[in-house]
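As written, the chains take the letters A, B, C, D and E, and residue 1 is the first residue of each chain.
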Amino acid sequence: MMTNRFLILVPILFPLLCGLAVAFAPALQAGSRRRPFVLFSLGGTFLSTICVLLLLRGHSLHLCDLAPSIELRFAVDEITCFFAGLGSFMWLMSGIFSMEYMQHETNHTRFYAFFLMGEASMLGVTLSANYPTLYLCFEWMTLLTLPLVFHIQSEESIQAGIKYLLYSFAGAFAGLMGIPFLAKYGTTLNFVHGGVLDPLLTEGHEGLLLAVAFAAILGFGAKTGLFPLHAWLPAAHPVAPAPASALLSGVVTKAGVIAILRVIYYLFGAQFLAGTWVQTALLTISLLTVFMGSSMAFRENIFKKRLAYSTVSQVSYILFGIFLMNDTALEGSLLHVLCHSLAKGGIFLCAGTIIYKTDKTDVRQLRGIGKEMPVVLWCFTLCSLALVGIPPMSGFMSKWYLALGSLENGFPVISWLGPVILLISAILTAGYLLPITIHGFFPGADFDYSTLVKKDPTLWILVPLLILTTLAAFTLFPQPFMALVENTTEAIIGGMLS
Amino acid sequence: MKLFLILPILLPMAAGALSAWLPLPSPKKRDGFIACAVILNSLLILLLILLKPSGILTLLHLTDSIVLSLRLDGLSVVFLGLIGFLWPLASFYAFEYMEHEENLPRFFAFYTMSYGITAGVALSANLITMYFFYELLTLVTVPLVAHEEDHRAMRAARKYILYSIGGAALSFVGIMMLYSRAGAKDYIFGGFAPVGEVDSYLLIAYLLTFIGFGVKAAIFPLHGWLPSAGVAPTPVTALLHAVAVVKSGVFASIRSTWFAFGPELLFGTWAQHAALFLSAFTILFGSAMALREQHWKRRLAYSTVSNLSYILFGSCLMTSAGLSAALSHMLFHGIMKITLFFCAGTVLCKTGREYVPQTEGLGRKMPLTFATYLIAGLALTGTPLLPGYISKTNLLTAAAQLNDPYALFGIVSLLLSALLTAAYLLPMSVRAYIVPEGSSLSFTEKDRDPGLRMLIPFGILILAMVIFGVHSGPLMDALSTLVHG
Amino acid sequence: MGSNLFFNYFEATAVIVFGIGFTILFLDRNLIKKVIGFNFMDSAIFLFLASNGYISGRVSPIFEDGVTAAEHYINPVPAGLVLTGIVVSVSVTAFLLALVVRLYLRYHTLEMDEIVALSRKEADE
Amino acid sequence: MKQPSRNVARFVNWVEGEEVFPVPEEAERNQKPRKKKAPVKAKPASPEKEKRIFALVYDGISVVVCLTVILTLLVTVSWLPRFGGQDNPAENEVYIRYLEGELEEAGAINAVAGMILDYRAFDTLGESNVLFIAVCSVIILLRADRNRKTGALNIPELENRRALQPDDSIFRGSAALLVPIGILFGIYVILNGHLSAGGGFSGGAIIGASLILYANACGPEKFERAFTFRTYQWISFFALMTYTLLKTYSFYTGANHLESHIPLGTPGAILSSGLILPLNICVGLVVACTMYAFYSLFSKGGFGNGQ
Amino acid sequence: MNLVQNFPFFCIMLYLAGGVTCCVLTPKASRAVCIGLNLLVTALMAAALAFTVRSGESYVYLMGHFPAPWGNEIRIGPLETLMGTAFPLVMTLTLLGGMDHIFEDVEEDKINLYFTVVNLLMVSMLALVLTNDIFTGYVFVEINTIASCALVMLKYKSGKALVATTRYLIMSLLGSGLFLIGIIILYNITGHLLMEPMREKIHELYLSGNYAFPLTVTVGLFAVGLSLKSALWPFSAWLPDAHASATAASSGILSGLVIKSYMILLLKIFYRVLGMEVVLSTGVLNVLFVFGIGAMLFGSLHALQERDIKRMLAYSSVAQAGYIFAGFGLGTAEGVLAGCIQILVHAVTKPMLFSAAGGFMTVSGGSRQFSDLHGAGRRDILSGIAFTVGALSMIGIPLFAGFATKLVLTRASLATAGWKCVAALSAIVLSTVLNALYYIPAVALLFDKREAVHISGVKAQPSAVYVLSLTVFMALNFFVGLRSSLLTCILEAGLNVFS
């Protein structure tokens, strides 16, 4: 059964090779042949990922040793299944969307090459089984998604790209801080369920290790837009083309979440961090980000910038759940990962379509858009409901669990302050998403229907939109999803606490 | 067998001297002569490394106890390997680059002679011989720095002389202090200074040698000469200030720390703390200055200042892990930095652009050069799959081993410096390729990729980087075995 | 302060003259005065030296008709030294005066400061 | 005295001289402009007031130097052994041997002559060479060059000084009387150097003085025909050469403990006390010629037309 | 008493005779006599050196029939013979190096006097090194003074030379005046003039404690007098003018040899006459040490700002004299050894530098200013190389002579404890840097491509003699640099038997 262990690499190598082929193979330069090839490669990746997740669960592969102490190791465990599937699915959807959308843009080869290679690195992050490999894939994800940011080559996009690069590198280097100390105080650098710290060695050095953990988490938090290193997100996401920004918000932020999960639950161990000043600090920061993100989004008028700020706050919901470190909160946050990826992906795609069709970037110009593009706006409305957390959509379920988890936790202030802030932020989310729908559908009296032109997009755009919107309401038929979430939570946190 | 030790020193010096005097008809012939001399010497070094002749070859008795002698041991193999590998590349690059410069015979004479003397520094068997070659290296490289003989070059040369001779004098006093206490002995792994109780006399001696050799390794207060020596032609800055001269400073410092004073004596003492603090601070200072500097080659020079202190920091940790990390960074930095200098030099030689803001959009015209520059930049920043990451991780792990506040400060400064390196290297490459539509950029037809003779070194260097980046296991094992003598 | 100051009144005067001569030679600005100062100094030294050898109640060391008892004569060594000293000081004074003559012929002044100033102004040949 | 701070600043600038390279303007961002220090204006003191202050200070210093030298030496003198004391340290075995052993070893009646020409002969040899080198230097300085044009000394004053010879008869008459007596007395003093006070140096001086008197009184023409520069050179050459050779012989025999067969003769007789007499004659010749040479060089810049 | 032991005495007498004969010969003949004599003396002294080194102890040579306290004598040991060999050898080379300058600067019919002065200067130096009697020392100090002043003033056309000679003569006379009165006081309190008997008397006085004050004053007088004559820093105002305005050969002789003979006399007086414990008790060595350190720094600082090549070299002589006195001032045997080595090293290097400077002047229209000397090294390549070798050895680069001093002086200062060690070490480092600061730009300037417009293109045709002297000088420099262990052991043997 030796061969099948190498199959783990397929989800990473396949998109990588396809990306390189798109970039360099002369045959694929022509648009007509490139589009089917891209679709084929995205679909192939999605399928291969699903197969690997199902078949090779629990297997690990020690690829090679970069240096005596640094080894590359990949494995499929519960987090991989959850995130890899989600990620590859989202990549497929936005890939399909981009077929149509890219007519609007130039130099497609570069876009698609890095689009595919970005997916490879994202899957690498999910599949990595020890700290150095995680760090490697993390860095290469930044580098490979960078060209997507400054794709439109405007001065603003280049500056945003450089800002994105430097912030992620800052975060990555802070994350790198963990490796040496774990090499000294931990038994191994591989992810071990429940943490690798060797109690004997860490006897007198808790303070130091806590600081290192805090730095690592804040470092990896940069990708998720956590407070200290969040400034790049509102700048980078809007300038990227729609499919890219959808992925950046939807999936790349989740890579940061994976890293933080690994650091907390698989490296330092939840018992080590629970109840310490690190946990309280992280909780306060995440709540601060939640509140700040939604208030900034509320005041922002440029459509995609508003959505970027909303990503900042939504991802902090997830982090809040993770930092609470109990099973219900974790369940809530994993649910919110699903909800946010699907919904935010959908919303960004809608926004992209609107801009693609009508070139209106400012929110205030969107009066009566519902009339021109009813289907798109319906999808937009449903997804925003999911984000706001109105019952039929998934957002409500995750926020519910998060609130329960926060109350269960015994923290003096944060246990009740958490739900309050979640509530306020939900209201603010509604405040900045729903007016678009309202103005879109009810333009008011003076809207002259005569010049109205139906601008509904082609199927390439509508199909992914509809799929995402329906999925965003997965809580209608929660059974499969809830099962997935529960056993993932059980796998991550089971048996550790309480 | 021992006699072979003198050859790598004498051969290039003889070749250099001859090339200046022999009435070679055409520059091409002279280039050929120099090329074969350099290659021959590199092969000789390779032979020496493989054969590893043991025993000490004494050259001269200065006084009864002080003797000039040569020996090949683990550490010198590393340094010899580095210069043996890089010097032919640099020479090839120099042939192409120096075509339009004048008084070349003198340039190539001194250029080749410095090869021999750097080999001398590597092969020396005790502190005084190393000091002896160290001083000669200053003398031989002064004409190279002052090659253009214009006002700027002379000023840079004068500053170079002042710092180097000042540093050498300091280290000489340190060496003599050590000799007065421990007797004029040869190198032994683990040092020959009397361990006993911690006496501040030897610690002061160590600090003097550290600062003395630190001048060439561009330690913070005494780094001034390296950026201003950027005025020299690129082969000089690339080879000498990225590899030979500064590396001999670092090599000398490692030798004096590990083979003369010995880690047992210095471990945990205030001297080690001072050395750690100084190198850690230089790491930060160098990168910060590099970020602020707009002149391209001075920026790379400041980056060398910071990277050299990586190596010093590693060696000052006084643990074998630290030393092997330092040695690995010495090798990798040599390769990475020489590539960066070559790219900068090619752009300067082809387009005459010296300042970073002027390189915007040049990537489209010189894709290969800037591709190499991007890869080397990524390597230096420490992105995985490239050598920078490996040596940086080793350094961090080694520093984390000893729970010492200064080592912690070192770790923080290493990471901050990595960020600053990213800040001063990567945006440049981004802006070179990606140019906003509206901007009006004037390009002459000269702005295109250099000839084949320059591209070959680029190719070889990138290959070396990727190989070391991905598969540096055997190299690291070799280093750790060397470290144990 | 020793006890013999008032007994060694010859050496005391010699020393005072020596001090004056030394200072004149060292610090005076006129060349001729310097030469005079030098002679002051030398003759003071010879006085000091001669008074050294003197033993009261004894005769100069030229033997009268075969009397060679040492207690009869004074110490001859200082006398010999004075002789050498005088010849040395004569020759040095001659040399100094020759220099002064040449300097005067060239700069027509005897003040050392002016001579130095003039020589500095002269274009270097 | 330059202010030291300006010096140090200049030194630092000179070394650290951060040259601002010719930078195209848009790369100007990080070069700080170097601000010029305001030049320090010295208070314009009037020159002669300054000179007076300087003179005052100068005299003050010289008084201080003089006093310090005198005081230290006076205190030293106060500690020295008493003047004319019997048992001074100087009256040790050296003094006794010189006096008692002098007759047998040197054979000179005049113990001082014996001491300077036999016991401590090396000093006297050196000392006559001091005389010789002094004459050489004076010749270098004052002797007018034979081919007048290049010599720096063909200065008009020297020329007309020859002309003003006073020809008053009284002076010439008394000189005619004194010169022979002087020379005779000089010869006597030289020859009796080892028997009575005097010796080569004092006799030579007397002869030299009478020669100068003669040259002055009877005009240089006649005398200088006989006594030209060449004759001077050869006389001093022979005298010094014999002196050195004699002394080499005596030192060599002394050092190697050989018996130097120089007869001491009977004390008191003219031809007694070994080498002292010939040495006295040589020294006398040298000193006489040197005195005359000094006179002629200083007065006429050379030995008359005979050069 | 085999023949070899007479050689030093013969050398002295030969020089005296040579001095006198040169006065009557023609210029060409007197040159031949002088050079021949110097070579002969070098050979004789080398034989004497071999003998003393083999026998390993110093013997006394009676000047006359009478032993110690009565007669006069000279004392010959390994140190004295080594200096005795080195001085005439360097003198020959300097004369050969500066020969064409001598025939150009000195008036035609006074050249034989030049060689007379040179011979008498050599006799005085040799006597100072060998003599064992203080008053003989004084007599030969006087010969030395007059001869060296005569050497300075021989550049007849320049008024500057005369002024410099006068100032030099006056300062020297002050020095010898103090020296003489010191001798007389010593004679007064000890009754002897010869060094060994005087030593015993002083030892008794030191133990018994009487005449303590006169003894200290004498030590002070000797120290001030002789350091005044050997241009120790605070008293060195006269040296730059004197050495710069003389001809190339004379300045080489003055810097290289003359000031060294006084140092050896001072060393002899401290070692042999007063004895180390008396000198140490008076603390005069600390004063000399401080002045030495001052000389090392201020000499170089002045040289730094000098725009005239010969004045720069003269100031650098002041700095190097500082090395020697710092060595003596350390007060230990190894310190004195360092001082002696520096005497030899400087004697070998500085005359070469002055001859090379002379060569540059001939090629740059006789001007001494650096502004005219641009590219002079290119025009006269041999002087250029010689100057570079000299400069590098002054800085103390290994492989060159200067490094030997730096090595031994550092070891010596490390052996002493406390403030002296720190001061010496920092002075060494600082002066190395300062030396580098003014020598290397000078070398760079000499090899500069941009030549002064009115001089460029003048190619030098050096005479065979000049080429020979510079090459031998360079060989000597490398020999001292590489084989300094040979010199150190001879000097060590010499110092052991010196007192």
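Here is the rule we use: contacts are C-beta pairs under 8 Å (C-beta built on N, C-alpha and C of every residue); 3 or more make two chains touch, one makes a residue touch a chain.
Keep in mind it's a predicted model, so treat the numbers as computed, not measured.
Hopping across touching chains, the smallest step count from chain B to chain C is 2.
Set side by side, the interfaces D-E and B-E show unequal numbers of C-beta pairs in contact, with more at D-E. Closest to the middle of the protein, by Cα centroid, lies chain B. Chain geometry summary: the mean Cα position of chain A and that of chain C are 105 Å apart. With centres set at the average Cα position, the gap from chain C to chain E is 28 Å. Put simply, the C-alpha centre of chain A and that of chain B have 43 angstrom between them. Per-chain CA centroids place chain C at a distance of 11 Å from chain D.
Looking at chain B, one finds that residues 158, 162 touch two or more other chains.
Residue positions 15, 73, 75-76, 79-81, 88, 90-91, 94-95, 98, 120, 123, 127, 130, 133-134, 137, 141 of chain D each touch two or more of the other chains. Taken in their complex, chain E has these residues touching chain B: 392, 395-399, 404, 406-408, 410-411, 414-415, 425, 428-429, 432-433, 436-437, 440-441, 444, 448-450, 482, 484-485, 488-489. Residues 11, 15, 72-73, 75-76, 79-81, 88-95, 97-98, 105, 118-123, 125-127, 129-130, 132-134, 136-137, 139-141, 143, 145-147, 150-152, 233-234, 236-237, 240-241, 244-245, 247-248, 250-257, 260 of chain D are the ones touching chain E in the complex.
Within the complex formed with chain C, the residues of chain E that make contact are 135, 139, 142, 145-146, 149, 153, 157-160, 162-163, 165-166, 169-170, 173-174, 177-178, 180-181, 184, 187-188, 193, 213, 366-368. Within the complex, the chain A residues that touch chain B are 64-70, 132, 135-136, 139-140, 143, 146, 150, 153-155, 158, 161-162, 165-166, 169-170, 173-174, 176-177, 179-181, 183-184, 205, 208.
Looking at the complex, you find that chain B touches chain A at residues 328, 378, 381-385, 389-390, 392-394, 396-401, 403, 408, 411, 415-416, 418-419, 422-423, 426-427, 430-431, 434-439, 469-473, 476-477, 480.
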